[in-house]
Amino acid sequence: MNVGFLGLGNMGRGIAGNLLKAGHGVAVWNRTPGRADDLKTAGATLASTPAEAAKAGVAITMLADDHAVESVVFGDNGILRALPRGGVHISMSTISVALCERLTASHREAGEQFVSAPVFGRPEAAAAAKLFVIPAGSDEALKRCEPLFGAIAQRTLVVGEEPKSANVVKLAGNFLIASTIESFGEAFALARKSGIAAPKFLEILTSTVFTAPFHQGYGGIIAREEYDPAGFAAVLGLKDVRLALAAADSVGVPMPVASVVRDRFQAAVGRGYRDKDWSVIAKLAAEDSGL
Amino acid sequence: MNVGFLGLGNMGRGIAGNLLKAGHGVAVWNRTPGRADDLKTAGATLASTPAEAAKAGVAITMLADDHAVESVVFGDNGILRALPRGGVHISMSTISVALCERLTASHREAGEQFVSAPVFGRPEAAAAAKLFVIPAGSDEALKRCEPLFGAIAQRTLVVGEEPKSANVVKLAGNFLIASTIESFGEAFALARKSGIAAPKFLEILTSTVFTAPFHQGYGGIIAREEYDPAGFAAVLGLKDVRLALAAADSVGVPMPVASVVRDRFQAAVGRGYRDKDWSVIAKLAAEDSGL
Amino acid sequence: MNVGFLGLGNMGRGIAGNLLKAGHGVAVWNRTPGRADDLKTAGATLASTPAEAAKAGVAITMLADDHAVESVVFGDNGILRALPRGGVHISMSTISVALCERLTASHREAGEQFVSAPVFGRPEAAAAAKLFVIPAGSDEALKRCEPLFGAIAQRTLVVGEEPKSANVVKLAGNFLIASTIESFGEAFALARKSGIAAPKFLEILTSTVFTAPFHQGYGGIIAREEYDPAGFAAVLGLKDVRLALAAADSVGVPMPVASVVRDRFQAAVGRGYRDKDWSVIAKLAAEDSGL
Amino acid sequence: MNVGFLGLGNMGRGIAGNLLKAGHGVAVWNRTPGRADDLKTAGATLASTPAEAAKAGVAITMLADDHAVESVVFGDNGILRALPRGGVHISMSTISVALCERLTASHREAGEQFVSAPVFGRPEAAAAAKLFVIPAGSDEALKRCEPLFGAIAQRTLVVGEEPKSANVVKLAGNFLIASTIESFGEAFALARKSGIAAPKFLEILTSTVFTAPFHQGYGGIIAREEYDPAGFAAVLGLKDVRLALAAADSVGVPMPVASVVRDRFQAAVGRGYRDKDWSVIAKLAAEDSGL
């Protein structure tokens, strides 16, 4: 299948590479050029505008935030105008529920299809085609996307027919990861100040109850206090929890732990840790404990 | 080995049964009699006082709270006085760090050994000899306990030499479970009010990132809204988070998520759910969202 | 001076009445007609559209929320288009900082002046010309507004030249009132469950440290548990704290108490108290305590 | 009246001085000697032990914390043993509800009277005989204390017959002051980051709604960022909020704002501000905002 791929960050490059490996034709576009060299070698073509990338009839966006998505979708050179009738936009970015609703409506009006397909997984998982894709959209559109998801995911789990439901699940999932990191931060501060070595504490946690890979992953970063380089920056964690809270606010759900976590991310930015790994909120818990 | 076993609640009966199965001699004692019938059939003898149970030289306590432990340890018929010199008290209860320090000192003064050996696992795990035991105490004392732990645990993870360090790990672990339940409660409220069915939401969470058994276990209870019967009551959750906060307070660690969770458990009691499963705090999140 | 006055709610009717009493000419407009009878008797004329009200050259808006303000300002019959060059729009509504910025820019582009002039005071204070007005805008525009503010306020306190600064102060002030209500709610629950009668508790608080009139006012409502009728509804409290948090979010300020209070207002709505006085959050504190 | 006075800190010296001025005979005792010189000049006698101070039949304690009170009350040289039958102990310290209950019971058993009489007011108010005394105890005991309270207070407000009720009110009051400080800290951070000068912000707050003297007092410290010297240290604020939470915990009241405030005080200690004025928690709010 021929697709346009917009957004060559750490996640996007891995995904685009796997689409190429699976035999798809990929026209890539990035706001700042020069990140496509490896992909060109692997067979990608370069699109000079979002519109050019969208000519293939399938446009995949994997961008930083709402603003970045809006800037490639709307406007004269945007994919909304450029997609052919019946074309499909697959949005993999973690964006607001509100923008997702707007995209759903805009593409429908234009006679196009819209699939929200956020993913779980860090850049290494993207590179290894081991992502989890959680798409939502019409059955027809999802069917069409199957070969693409198959090329990048270890598993695809359909959320439902309404695109925004996938965004809610993605935002809820990121909140759950973030709240686990925060709770780990508090628990590690307690353990350390009680004289228990962090690696020993981690070993017991992950050998007993807290056995999911992300427990080991973030627990390890916290135990080693190794917040650089960032797999996912604190400022992005702030963005995602903020989006989760906005989604909750719009449907009338109080989320007290999400508020605590949002405040921690905000304080992390305020105290100079904006570009550290988002698990750096555990460092704030340590500092507040006098560690 | 001959042991006295004090406390025949849901956890204690399973543990004592497995000690018998492994060939140990077990004298059981319970505050309210009549819970020992099955164990008697399986070979246990009945002790009429804590002191009588302690005569064996090894006394295991698995009781509800600090008060219950104090009442069997101290006083004329308590195990502190009854244990022979060199005897060992193995405390499996989830008790305060402060009481653990007191027990450590008291047994030392009496020329006895003290091992704190809390466990992770629900009653079914206790019955199936699948607990995780996380003991702390002197090397010599721990060595002596090995055959006992081997009879009841799928794995034993030594925390260290200071008994109270095991209590800190246990309390931190229970806090981490409780904070995950609270966060799940908030996330499920968000999902449901966004039109996503709870079972679908759970399936995606547990198929992707949240793959530890307790995610499935508590997520399932929340998705089915099945807070009866309680595997572990809300009022006990309150007790444990309170103990975690007390431990944190004594070493100067602020734990904002623990405070949120404590307030939820307190509100659960205030709103009439004291005896529901502790995951009932997810129901409060739903109620506060108008569900 | 001739002014157009838009918004005849509990606050607006009092303010418009005092403008008339002070000898100003007032053309009133309200979205739902029929609330102007008393004002007509007192000399007001009726405007059939926002544009007609704005013809006087000075338009005052006192409306429920952002949406209501947008609907009378923008569009074909809006006051932005209708004000003469050099005209002034005085916004007394509690609106978002973001909308205030947009109004500032829009009026400037149109060659008009914009003054943000929120007020502190409940409907009785509006009726008695005892409001506090906290305006912000250019010196010239503020000078022009002086006779109007003088007619409705016990005191006018200029915040500065940037209109939005007045909104920030108003939102911060409402947050401070709301957080005091929440803290009172918690403290009254503690006192009552400790066997201290609420009126006695209130008397001591307000006779010693908590001597501001709003302490007595909201403390009295809480002590009497008299949340009906609402002087200011819980759902409006939710709106205002939400706006304070949005303002804080946009400048990178974590406000943990504001988050707690927002969650309480959200829970108040979720638990059926949306139209009670906003001090009803104290009732939630009581309920969560088993009262 | 002849009284023994124990505890010559900033508060105690002022109170004892006013008792002397009013013509009472005062025997003073302090743990660390040498703070009584001025009082001696003014006519006080020195007691070498708590017991000696208590011989007068009336013992007033104004000490730092539970521990300090326990050390002068219990034991061989304590006032419990030294007071004559029918003697009275007036406790002005901010102590735990639990200790207050113990004192009530112990003095009753000894045939003595116990009055809990905490005060509101800073050291300057103590020196100027402008305290608010909020006593609780039997009518008979309170009647006896009247001339003493009259000598030190601008007003005496009886809480009730149960001594601990006075402690609850005192702790609740200190929580309400602390939560106002925290909320001010958040609001000032919002104002400053929004470009509003702190003194201007304060002026508007205190000229409109927030007109109690403590608003002006703490608001001024925050606006000037003048946390040294401490009128009341952060570490004592931590103690008092902790006691309020303990009291709430014992009667089943969740206090989410109190938890936030407690965590702030704990973080203040952790981040090196233990001996600053307790309003220093506003500085943490500023730091977390990047100020």
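Just a few scattered comments:
By written order: A, B, C and D. Residues from 1 in each chain.
By our rule, contacts are C-beta pairs under 8 Å (C-beta built on N, C-alpha and C of every residue); 3 or more make two chains touch, one makes a residue touch a chain.
Not measured: the values here are computed from a predicted model.
Both subunit A and subunit B are touched by C, D. Interface comparison, B-D versus C-D: the higher count of C-beta contacts falls to C-D. The distance from the centre of subunit B to the centre of subunit C, with each centre set as the mean of the Cα atoms, comes to 52 Å. Computed from the mean C-alpha positions, the centre of subunit B lies at a distance of 40 Å from the centre of subunit D. Inter-chain spacing, taken between the CA centroids of subunit C and subunit D, is 37 Å.
Residue positions 252-256, 260, 263, 266-267, 269-270, 288-290 of subunit D are each in touch with at least two other chains. Taken in their complex, subunit A has these residues touching subunit B: 97, 120, 132, 134, 155, 157, 159-160, 162, 164-165, 168-169, 172-173, 175-177, 179-180, 182-184, 186-187, 189-191, 193-196, 200-201, 203-205, 207-215, 244, 247-248, 251-258, 260-261, 285, 288-290. Against subunit A, in their complex, subunit C makes its touches with residues 242, 249, 252-256, 259-260, 262-264, 266-267, 269-270. Across the interface of their complex, subunit B is touched by residues 256, 263, 266-267, 269-271, 287-291 of subunit C.
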